[in-house]
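Below is one structure. I have some questions about it.
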């Protein structure tokens, strides 16, 4: 009996090691393609038919329809290339990418978020795209460097930006007018913001805004010339805990005066359409909204809304343009050139752009920007105008977050909650955040 | 018995029924809320969430929702879900009954060891097995097919095996002995004597397996790539996006639709648990 | 009556036994044992999913027990949950099953109604719904205000002191599955026994104590064990209603495991956590099983 157990045990261990080892395999055999129903992955001589797989985030029919429209246009232009798209919502997307990466069966074209791109590159999952850029398969001529920077790791381009977004503080112009508050301009200061929150509370009995989010903290640090992560990303990037303390203390002040919504309400929020601002319960809407949420907000509230940068952005150090997503090519793809062709089409083709209508962020290719203005809706025109303001008042985006980025984010949220439930003081919170975040950063490779 | 006693009895029955009904309403509240939200316009759902009666209601969400994604309507998703679920239920019921009989009624070498193994398989969270299992199925080429979702059901489910074993233990062994005297071997005993008495646990197994499989979105998420193969549970998940606009109305509408088969199955089958086999005449 | 002696592995009882359990055995050896073995192996590695695992020996376990404060928070949240929610759930399930075992109008409807919450399970609808009852502006608070004039409101689902209790309540509310199994078990109790005892003059509580309860014990054992196993593995409620918060007050063990494995790419650490969990669950289950000899009554004696 015991001997049998030993044998079984050894067998199990050796089997699992083989399994784990096999699946990661060296690059000599980048894994067999999954048995799809209509795949025909033959050699990549141009006239022969090629089928590419692509994956992207999708949480609504509209997203899927928008993507499919572009795919159809592409397939019309290049009849010998077919695209099979897979889409998943929210966290499920990362889960799916993970299992596919673990089994060496990623799709040819992967839509990647800024938060993940560095990790994927470090693990060798993406192909460098510089060659395709220089031979103009992907035509980036005339594009401002700032739009390309996000997709470059160590000077090599791995991802093409599919459209720009920026952080935004929405506001309801009617509510501000009623409270006697001037709409925020580019030189809006934190002091003015606090005064305005108070005015809204006093005159309207509504919340001014919600608590500040992690995104605000990053901008806050940038405004003070600091960064969240150090250059080597092994520790936090700011030395002075006072910055953290001030950031939290002002919110405690606002919280005491009930100028912002209670933290408990915010923790209950379940979606973009949910929350004080979209429900009309606050005048400002900072939260963690991005410029491409303008449509959603305006539909919810049924009116035109204002868009402003975060307070304190006058000197241009804080804000930044963020690529909404990147398209990358899997390092094990058998048809990288065709994949690159699709990426080029999606981003730079005028018909594709017209079809997408800035759904995934604002186009930035000079050839497109002019022409698109004519087809934009009112809302998009305003978003476009807002992004131009941001462009004039922004500095380079922080380098992509390290692998431990999500953990650091979670630690931040936890510590912030503890502070707002008044379990610990801002000073204690600053120390706690530093200790735990550094521990998380030190662990990751 | 005087009328006063009868009145008290009636009164008690009335209170009893009332309490049961009130409690049932509390249990039903979420369904009612979901149903109500499915009839509202998406923008109203969070704003007037307390109102169970929508200010204006329509079936638009159902129409929109049923269209599904990119031309794949929910009828496809429903079809996929039915195929997977019904086959899984059949597989589970048949195999679990067989295995349970083996453990409960037969003494064989190493039985306790295998039983312990079976119990242990339930104690590991599925999350850690996910990646190795995926790699395994990938190596045998079953990705993007229904196979990883159906085939394992034919090998018994530990939960159900254990459940049926416990029920079998409530069946007196004298029945087995009587069958042996009549000349039945283990196999005949199972088919003729034990199986007919297993209706309650088998029905329970079917109900549970039906709704677990129907509701499971994680396995379809992992093993199915093509949108055309998606199940209802997976498709509904695709309706909710924390980063972009979510069509809550359509999502709730489809959620309501997806609960209907399970409720129907339950409602139909729960009678068989109720009108169970009376074991009259078995004792002595 | 005993079967034929178990002298050789080919005697008929052994063959029959293995034939009957063959479906499970085959599935176990082919589909389960490799992933299970793999996860054990991974527990001793650093595995970030996107690149091959790297052996680190006991490091994961060391870090878990000595350096990770969130780990102990997750242990605490889970233990509290198990020891409160499971007993409550079982008691409720049993009571309601007994109630629904009687003559009642629209019995089928009521059974379905009580079972419904389990069906809705892990959907976003439940999370939003729970907020409507227990959120800051929820039904409970408006009730408290109108009935007792309490205006100082808290959000029961996000306040640190009440978040966990509200999740416990959510779990107890989904007692339908345990109830169903009790119902099936109650149906196995022969009616003649009740009739006989009524003739003997036994009251309803006496009947419950001497007939129902003993005959229900096999099913009770099942619900208890499954309750323990699933209680320790609680995940969905934490994930969708509170997200583990506020500040990890409801960070269930498996939720933390999932975060570590898939959000922070530390699958090795997650696997290590899983195996510790398995050992704990196995220990509890073994204890319950061994004591069961004393309180569980099997009709098929001699087991």
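Lettered A, B and C in written order, each chain numbered from 1.
Definition applied: a residue touches a chain if its C-beta (ideal position, glycine included) is under 8 Å from a C-beta of that chain, and two chains touch if they have at least 3 such contacts.
Note that the structure is predicted; figures quoted are calculated from it, not measured.
Contact topology of the protein chains: fully connected, every pair of chains touching. Across A-B and B-C, the chain pair carrying more C-beta contacts is B-C. The most distant chain from chain C is A, comparing centres defined as mean Cα coordinates. If you average the CA atoms of chain A and of chain B, the two centres end up 38 Å from each other.
The distance from the centre of chain B to the centre of chain C, with each centre set as the mean of the Cα atoms, comes to 16 Å. Counting partner chains per residue, chain C shows two or more touched chains at residues 34, 36, 38, 42, 49, 124, 128, 262. In chain B, 131-132, 135-136, 240 are the positions where the chain touches two or more neighbouring chains simultaneously.
Residue numbers of chain A whose C-beta contacts span two or more other chains: 16, 19-20, 95, 98, 102, 270.
Listed in rising order, the residues of chain B touching chain C in the complex are 17, 20-21, 23-25, 27-31, 33-34, 37, 49-50, 95, 98-99, 101-109, 111, 114, 117-125, 127-129, 131-133, 135-136, 152, 154-156, 158-159, 161-163, 166-173, 176-177, 180, 185-187, 190, 200-201, 203-204, 207-208, 211, 215, 236, 240, 251-252, 255, 259, 262-263, 266-267, 270-271, 273-274, 276, 278-280, 282-283. Touching chain C in their complex are the following residues of chain A: 12-13, 15-17, 19-21, 24, 91, 94-95, 98, 101-102, 119-120, 123-125, 262-265, 267-268, 270, 403-404, 406-407, 410, 413-415, 417-418, 421, 423, 436, 439-440, 444-445. Listed in rising order, the residues of chain C touching chain A in the complex are 33-34, 36-38, 40-42, 47-53, 67, 69, 124, 127-128, 131, 135-137, 154-155, 157-160, 242-243, 245-248, 259, 262-265. Those residues of chain B whose C-beta lies close enough to touch chain A in the complex are 42-43, 45-47, 64, 67-71, 110, 130-132, 134-136, 138-139, 141, 143-145, 221-222, 225-227, 237-248, 250.
Residues of chain C that touch chain B in their complex: 1-3, 6, 9, 12-14, 16-21, 23-28, 31-32, 34-36, 38-39, 42, 49, 99, 104-105, 107-126, 128-129, 132-133, 139, 173, 177, 180-181, 183-185, 187-188, 190-192, 215, 218-219, 221-222, 225-226, 229, 232-233, 235, 254, 257-258, 261-262, 267, 270-271, 274-275, 277-278, 281-282, 285, 298-303.
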